[in-house]
Amino acid sequence: MRSVGAVASEVAGLRVVRLVALPALLVVVWWAVGGSTFYLPGPVEVGRAFAETWFSERLVDDVLPSLGRLLAGYAVAGVLGVGLGVPIGLSRRLRATLEPVLEFFRAIPPPVLVPLIMLLAGIDTPMKVLVIVSGCVWPILLNTVEGVRALDEVLADTCRMYGVRGASRLRRFVLRGASPQIMTGLRQALSIGIILMVISEMFASSSGLGFTIVLFQRQFQIAEMWSGILLLGLLGLALSALFRRLERWVLSWYYGSGAARA
Amino acid sequence: APEQAQGKTKVNAGVIAILDTAPIHLGKAKGFFDEQNIDLTITPVQGGAASVSGAVSGQFQFAFANTTSLLTAKQQGLDVKVVANGVSSTGEQGKDFSAVLVKPDSPIRTAADLAGKKISVNQLKNIGDTTVRASVRKAGGDPGGIEFIELAFPDAPAALQSGRVDAIWVVEPFVSQALGQGARAVAWNFADAAPDLTVAMYFTTGRTDADLTRRFTAAMRKSLEYADTHPDEVREILTTYTKITPEVIAKMYLPKWPVEVNRASVQTVADLALADGVLSEKVDVSALVP
Amino acid sequence: MLEISSLTKVYASPGRRVEALRSITFSVGAGEMVCVVGPSGCGKTTLLRCVAGLLPVSGGEVRVAGVPVTGPPPRMAVVFQEYGRSLFPWMTVWQNVELPLKEKRVPAARRRELVTDSLRAVGLGDVADAHPWQLSGGMQQRVAIARAVAYEPQVMLMDEPFAAVDAQTRADLEDLILRLWRDLGVTTLFVTHDIDEAVYLGQRVLVLSSSPTVIMEDLKIDLPPDRDQLTTRSLPRFGELRGHVYRQIQQARGSR
Amino acid sequence: MGYGLAGLGGLLALLEAVPRLGLVDARFLPPASEILATLATQLATPALWVALGETMRGWALGLAIAFCAAVVAGVVIGIVPGLRAVTNSTVEFLRPIPSVALVPLATLLFGPSLGSTLMLVVYASFWQVLIQVLYGVAAVDQVAFDTARSYGLSAWSRVRHLVWPTALPYVMTGLRLAAAVAFILAVTAELVIGSPGLGAEIQVAQSGGAVPVVYALIVLAGLVGIGVNAAVRLLERRVLAWHPAVRSEVAA
Amino acid sequence: MLEISSLTKVYASPGRRVEALRSITFSVGAGEMVCVVGPSGCGKTTLLRCVAGLLPVSGGEVRVAGVPVTGPPPRMAVVFQEYGRSLFPWMTVWQNVELPLKEKRVPAARRRELVTDSLRAVGLGDVADAHPWQLSGGMQQRVAIARAVAYEPQVMLMDEPFAAVDAQTRADLEDLILRLWRDLGVTTLFVTHDIDEAVYLGQRVLVLSSSPTVIMEDLKIDLPPDRDQLTTRSLPRFGELRGHVYRQIQQARGSR
């Protein structure tokens, strides 16, 4: 019999292997093809650029403010998406009325929407947060609407029978019941938020992570640019790990109940 | 007709669809490129960086980019080489295609007052901030404290009007437009930076063969000369590839299109950029502009 | 208390039209216990849902306490046939039972008492902290019953509430319902498949025909009001009534 | 339908009122009537239709590629045990990389051609569908899944008859999300790379200072979005007729 | 055919640990029909799922036809207690029943025959084109039964398959299962709450204790093999066996 500790460390080891196997493979591929052209430097070069670029005051001056705006925009989008999605999902009439308008805005590319947002919100932080919101809100909104539409009928009837209505119904039934889909939307929005953080800093900026990446691109500092992209990816990875924790907690009933297979 | 196109070399040129590039459009329309056995396709690009990467990757045999972009590319070791002049400042105060504008009631009266203010440029660390600093310096101000902010030309007038920035740097057609709406020019930065400043140039990369380059250069020179001497036709051609309204086209200040690159001005820009930290090392202008 | 008059219900979907109820008329007095039996698929659930105001009727009218029903009337509790789906999976057993009481603004102390008592009554005192999906089918059904019982309703509608529990538990639950009905005077409409159960519990038994559904018989159960699993079931009259209902149902099925 | 028109009417009224009441300068945001008039004149020019056609081609092709690839990848990752854990970190790493950051790579590989547009469109919309599919596959009911297993349904049958129908509502949302993102990226790619299309038209209008034209083109983009959504909704009604959400819609 | 040896199953979740089965050992011969009874929540469903290879066991072993079970064995049909969730809502009744046959590569003509026959046998010949959610609870349950029957399995596991149908339908379905068992020699493990049903159907009846669950009794039903609703149920031996099982279950519940 092996000791419990040995088994536990083996399990942990397996997890690490699973976590890094594919990324390691991809780095090897990158190694092989990288460096062949000007626009695709090898991993070593990018690694060096990464260390030089981001382990400096840039981290505080550029990355942190960007992160702050990202989180602000994400939070606003979450509140807005769920807040709008619930009534739209619940009311067929509201859905019919608002859907074309929302689809209209959804189809407008953020880069061309920016001038309009600048007209209304200026060129400073509120504008950039709004740009992030304008992209993040859609997956949350759509998923919330669909999640609310698909609520279980028997549960809905149960609420009606036992007089569960208003805020209580919203909190205990609608939001909880739709939470699997809402979480899907929130997860989608997380990476879209990062993308829009970059896009928002392409306008009326003089600092920020996205701005820096774009500047590197324009100044043909390609290794630095890739190091920025690498940072974006790592950022996404970190945020999604946090998100998964949240999700495990919020949706524990969902994965436990056999309504879904985690 | 296809048989006509047969002996011709297909050329794809990456060019921004703005006033500055009127000569190549005009030259194409006039057949100057056909004369050189070039079957020219003009692909609109968004900016200097896009044209440089397009040229480096081989999609464009020739492309158009501003002086600073080219200097930056050269500094990063990219194989770019100027083949013809692009566009130049008129060098005349009050009659150029680029200006720094303020609101009519702004306390900023001269370029020196711009010191310490918030000024929009279309791209940071590019020709805009370099030349605006030059204007301020020339007027006796200290350019060190200026806060530059990136704002695309089309968005700048609105930002100026709503007071989100103190001053904007724009080029035509936005100069005329904003002036028409009451804005006031406080500096003509291209004219200030260097006499007859070469603002942008046509370039190629090492992979284009010498003969084709020669022919393209010849056609380009003819186009530049023609454009410079036929302003009415320039205004005419603008209606075909831009969406500038006819009223504005009629009023716009046109730039100069001299045939020769003003090397001294390119060197000046390089030196200024180096001094401002836009470039990190001294660039050998003669390697860029042979 | 309940007045159902010429109630009809037709399910119409593209390509399918089911006449589930064809003119049902009956009434249930305040504090009465009426059992409904009928072949599978005859429309018992449909009837219950119409009475509960959960399903729009196609014709006729339902009145609860004299008021025409348009939505679920207050102080009415339902135990659904789909017991599993009627429990909130994100709440514990305790929270599921407590929720309607919170909505009724029952004070916390009284709430605790009601929940504890009703869970104990259905034999689930020790799983209050579990989630519904951690329970067996029969346990889930008992949670749904406990929720209805704790609610202290005026009217209780139950749709085969004991289908998933074993015989002994079933007997216990039957007595629980009888006690509740007697002590609180809860008007009860009780759907079951078990004829013995219907006769044992009901003051009246409604026998529904198979589709298109009408009431085949409205049978008064003239057994003594105090009922007891052993004595009542062994009365000769119990056997007679049972046999009568049995024959009626068989006839109902035959007629389709 | 009527409600939808009312909603759009409200939006138009708002867009008319805001500049007219001077809340923003009409020079920078023209009133709705002027935008629509400009749109009408623009629609009369064949060049616009050519541009729209170009954009829609890149959109449709890119969306189709991304959708198919993401559905296949999502289902495979979702049902093969362990694959999700292996791919998770890579997916989460790649997802937040903006397509615009790939512009240099795209132009390097494909030039200012359809290929570049496709690469950006596919890259951006792939993840949208993939995540939806992954969640959809996870939503398979345990009892239904056990049923399929105990009756010996093969892997393919399980996918076809159980996993796919369960995931379909999620996939439809994914399709709606991806359709918009693909369109946005098609336009953006044209804006940035300069390949011909609606985005290039917007770019030219912007740099020419033709504000009403810019807004007219934006409105056109929005209208395309409405059309695409209506089409997906129609599809949804057909393929999800059994779903409670659609069921209630049809019945009521 | 089925060999279950020292089977244990523990559900462990954070903060809750339920020992559902504690060392269960029994075997079912090929072509045998064994009924399982026990109090609600004692672990019958758990047992069935372990035998079906749907649930990993915590200890002990299950063998089907001599092969240790790691996943669902071939040619096994299961009727789940949660009948509603086991039907695919996007398929019609017909398609639901037909799907496993398609997987078995039964030729189309034979398939049609099997589906028609089994649907008719459960009394649903006329709703083949409906979707499951358009049916009543009892009808849904019968669809699940028809699916198992049409599959012509070697081993059939049924978890309270008649819980939602009326008495008469129940009797019919009981005879259907008996016929199937006799004609095709299907090895059957049948969970029920109805003691009469267990005695009527089974060759053996397993009585489970309440949790932690062991087998309280493995009772041989020494009734004549040819069974009939009227005569068999009126045999004195039937009454004795019934009473015996009843007392056992009561004891099982008492012991908790």
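Order of writing sets the labels: A, B, C, D and E. Residues in every chain begin at 1.
In this section, contacts are C-beta pairs under 8 Å (C-beta built on N, C-alpha and C of every residue); 3 or more make two chains touch, one makes a residue touch a chain.
Each chain and its UniProt protein: A, D = ABC transporter permease; C, E = ABC transporter ATP-binding protein.
What you are looking at is a predicted structure, and each value in this text was computed from that prediction instead of being measured.
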{"item": "Partner chains that chain B and chain E have in common", "value": "D"}
{"item": "Chain pair, most C-beta pairs within the contact cut-off", "value": "A-D"}
{"item": "Mean-CA-position distance for chain C and chain A (Å)", "value": "48"}
{"item": "Junction residues of chain E, two or more chains touched", "value": "13, 82, 85"}
{"item": "Multi-chain contact sites of chain B, meaning residues that touch two or more partners", "value": "53, 57, 152, 154, 158, 162"}
{"item": "Chain D, residues touching no fewer than two other chains", "value": "25, 28, 103-104, 108, 141, 143, 191, 206, 214, 243-244"}
{"item": "Residues of chain E that touch chain C when the two form their complex", "value": "11, 13, 15-16, 18, 37-45, 81-82, 84-85, 123, 129-130, 134-139, 142, 160, 163-170, 193-195, 246, 249-250, 253"}
{"item": "Chain C residues within the chain A interface of the complex", "value": "49, 52-54, 71-72, 74, 76-78, 80, 82, 85-86, 88-91, 99-100, 102-104, 131-134, 147, 151"}
{"item": "List of chain D residues in touch with chain B within their complex", "value": "25, 27-28, 103-104, 107-108, 111-113, 191-196, 200, 203-211, 213-214"}
{"item": "Partner chain D, residues of chain B touching it in the complex", "value": "14, 16-18, 43-46, 50, 53-54, 57-59, 152-154, 157-158, 161-162, 173-174, 177, 181, 241-245, 248"}
{"item": "Chain A-touching residues of chain D, taken from the complex the two chains share", "value": "1-8, 10-11, 24-25, 28-29, 82, 85-90, 92-101, 103-105, 108, 124, 127-128, 131-132, 135, 138-143, 145, 169-170, 172-173, 176-177, 180, 183-185, 187-188, 191, 199, 202, 206, 214, 217-218, 221-226, 228-229, 243-245, 248-249, 252"}
